[in-house]
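Heads up, the next two complexes both have chain A, just with different partners, chain B and then chain C.
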Partner chain A sequence: MNALLQWAANNRPFLFFIGRFLITFFGLSILYALYLKYVELEGDLDLVTYWVSRGSHELARALGVADCEWACFMDGCYVGRPGHMVNILEGCNGLKLAIVYAAYVIGIGGWNWRSLLQMAVGLVVVQFFNVIRIGSLIALRDGGGDMYFYFLKYVFGVWIYGSVIVLWLLKPRIDRWLGQK
Partner chain B sequence: MARTEVSARVFWAWTIGYLMLSILLSIIVGEQSHEAGVHNLLETNVPLNVLYSGLKILFGAIYLWGLKRSTLEIIGLIGFALLVRLFAEGTFTIALIAAMMGERVVQAAKTIK
Partner chain C sequence: MKKFSFLLLILSGLVVHGQDKWGHFTSDGEDFSKTFEGMFEPHLDPVKIYMPQEVGNPAVPLDGGLTALLIAGGAAGYRQYKKKKKA
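Up next is the complex of A and B:
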């Protein structure tokens, strides 16, 4: 017990980081779960999945997927050309990963305007990376061949996790830019 | 209780290696699911799910051990990542990495002060 108390005394900043991380993570996760419950009761699709699908559709078109179709239902969206459609479910919208990103930012910086601003912008930036991931996937699927499977299995997992880690690495620079000592 | 800190190079070698290995494990399960013709084999095959979860935890523990964490710290951090994972699927690895990155940042800030 003494060793544990000694450890806690030596690691107070880390414990505060973990505390803020968990409070933010659970707060945002509960809000999102309540929102999902609300849209389910309304018989609707959540707006995050909707906008990620729409952004992916626009990106796929910009990448040259001709006649790219886009249809959303209660359980998710289908984007792509008939026969080559990608199904975008709620779990693919990247928001849970974005919530972990936000929890880290608040865990490090605390509840101040700089962290809240970074959290809000970061949530959008992670979604932006996700749109690039899914939009590229639709374009690759349209092209056919092994590239789609290669990217789906190997590249895009690293891409989305890597984007979060890179954003965390940029945090001290953004803090300096925002005028924090 | 003196803490042993690893260099930035060692930290990133372990972190990137751990992330890659963890993703590789998910890819293997994805391949197996694809071959079996199901969405996710882990949902139907309980022994495979137990093996997969055990390997994920083992990789996490090895990662923390590589970063010179004590046994109690490893248990606590694995518990933290499991708690996060419980509410958001696919976040076990990134939660562990977040904890270790966060620890480096707050300890560095403490040293500067």
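Up next is the complex of A and C:
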């Protein structure tokens, strides 16, 4: 017990980080859940899923998916050529990853303008990676074969989670770039 | 030799007769054939094998590793503080 207390006393800044990290994560997750409940009651689709599916649709068209269609309903969007469509649900929009990224940024830097700026940029960057992921998956599905499933399960999983970890590793550089000592 | 051949014939006849009788007790050897039924047939029904191409409109989920990412965040934070402590 004494050893644990000693460790806690020596690592007080780390414990503050963990506290801020978890409080921010759960706080933002609750806000997002409330927003989802609100759009559900309104009979609407959440804006993040809408914009991610729209971006993916545009990217898939740019990648050469002819006759790429895009239709949104309350529970999500369908993008792709008829018969080869991909279903983009709320769980596919990547916002929860952006929330984890934001929680880390706030956990390390606290609530200040630098952290808020990194939160906003991080949200855009994670969504950008996610749009590339889904747009490429639509193109792969359009091409047929098993490549789609391998990319969905392995390659793009590493891709999207890797994007968050790379942003975390780059944080000290971004802090220096923003003028923080 | 003649006696021996005759005895062999009688014994063979008895064995064959006995087999035939035993067949009556065991529903004509049905149990025997049931034991080996389908032994050399493939166990997988080709119709039931999962074929990815037949899936309708699959979702593209990614939030399965959220807990792992949270743990990685904690570890990255600890690493950051260790570095700061050393400096």
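What we mean here is this: the second predicted complex is superposed on the first by the 181 of 181 C-alpha atoms of A that agree within 3 Å, B and C clash if a C-alpha of one lies under 4 Å from a C-alpha of the other, contacts with A are read in each partner's own complex, and residues count from 1 in each chain.
Just so we're on the same page, a residue touches a chain if its C-beta (ideal position, glycine included) is under 8 Å from a C-beta of that chain, and two chains touch if they have at least 3 such contacts.
What you are looking at is a predicted structure, and each value in this text was computed from that prediction instead of being measured.
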item	value
Combined model on chain A: chain C and chain B, fit or clash	clash
Chain B versus chain C as contact partner of A:Lys96, first or second or both or neither	both
Chain A residues touched by each partner, larger count belonging to chain B or chain C	C
Which superposed partner A:Gly107 touches (first chain B, second chain C, both, neither)	both
Chain B versus chain C as contact partner of A:Arg81, first or second or both or neither	neither
Partner chain in contact with A:Asn130 - chain B first, chain C second, else both or neither	second
First, second, both or neither for A:Phe25, with chain B first and chain C second	both
Which of chain B and chain C A:Tyr154 touches, first, second, both or neither	first
Touched partner set for A:Gly144, first chain B, second chain C, both or neither	second
Shared contact residues on chain A - chain B and chain C	13-14, 17-18, 21, 25, 91, 96-97, 100, 103-104, 107-108, 157, 161, 164-165, 168, 171-172
Contact set on chain B toward chain A in their complex	1, 3, 15, 19-20, 23, 26-27, 30-31, 72-73, 80, 83-84, 87-91, 93-95, 97-99, 101-103, 105-107, 109-110
Chain A residues within the chain B interface of the complex	3-4, 6-7, 10, 13-14, 16-18, 21-22, 25-26, 29, 91, 96-97, 99-100, 103-104, 107-108, 153-154, 157-158, 161-162, 164-165, 168, 171-172
Contact set on chain A toward chain C in their complex	11, 13-14, 17-18, 21, 25, 76, 78, 80, 85-89, 91-92, 94, 96-97, 100, 103-104, 107-108, 130, 133-134, 137, 141, 144, 146, 148-149, 152, 156-157, 160-161, 164-165, 168-169, 171-172
Chain C residues touching chain A - in the complex, by the definition given at the top	52-53, 57-66, 68-70, 72-74, 76-78, 80-81, 84
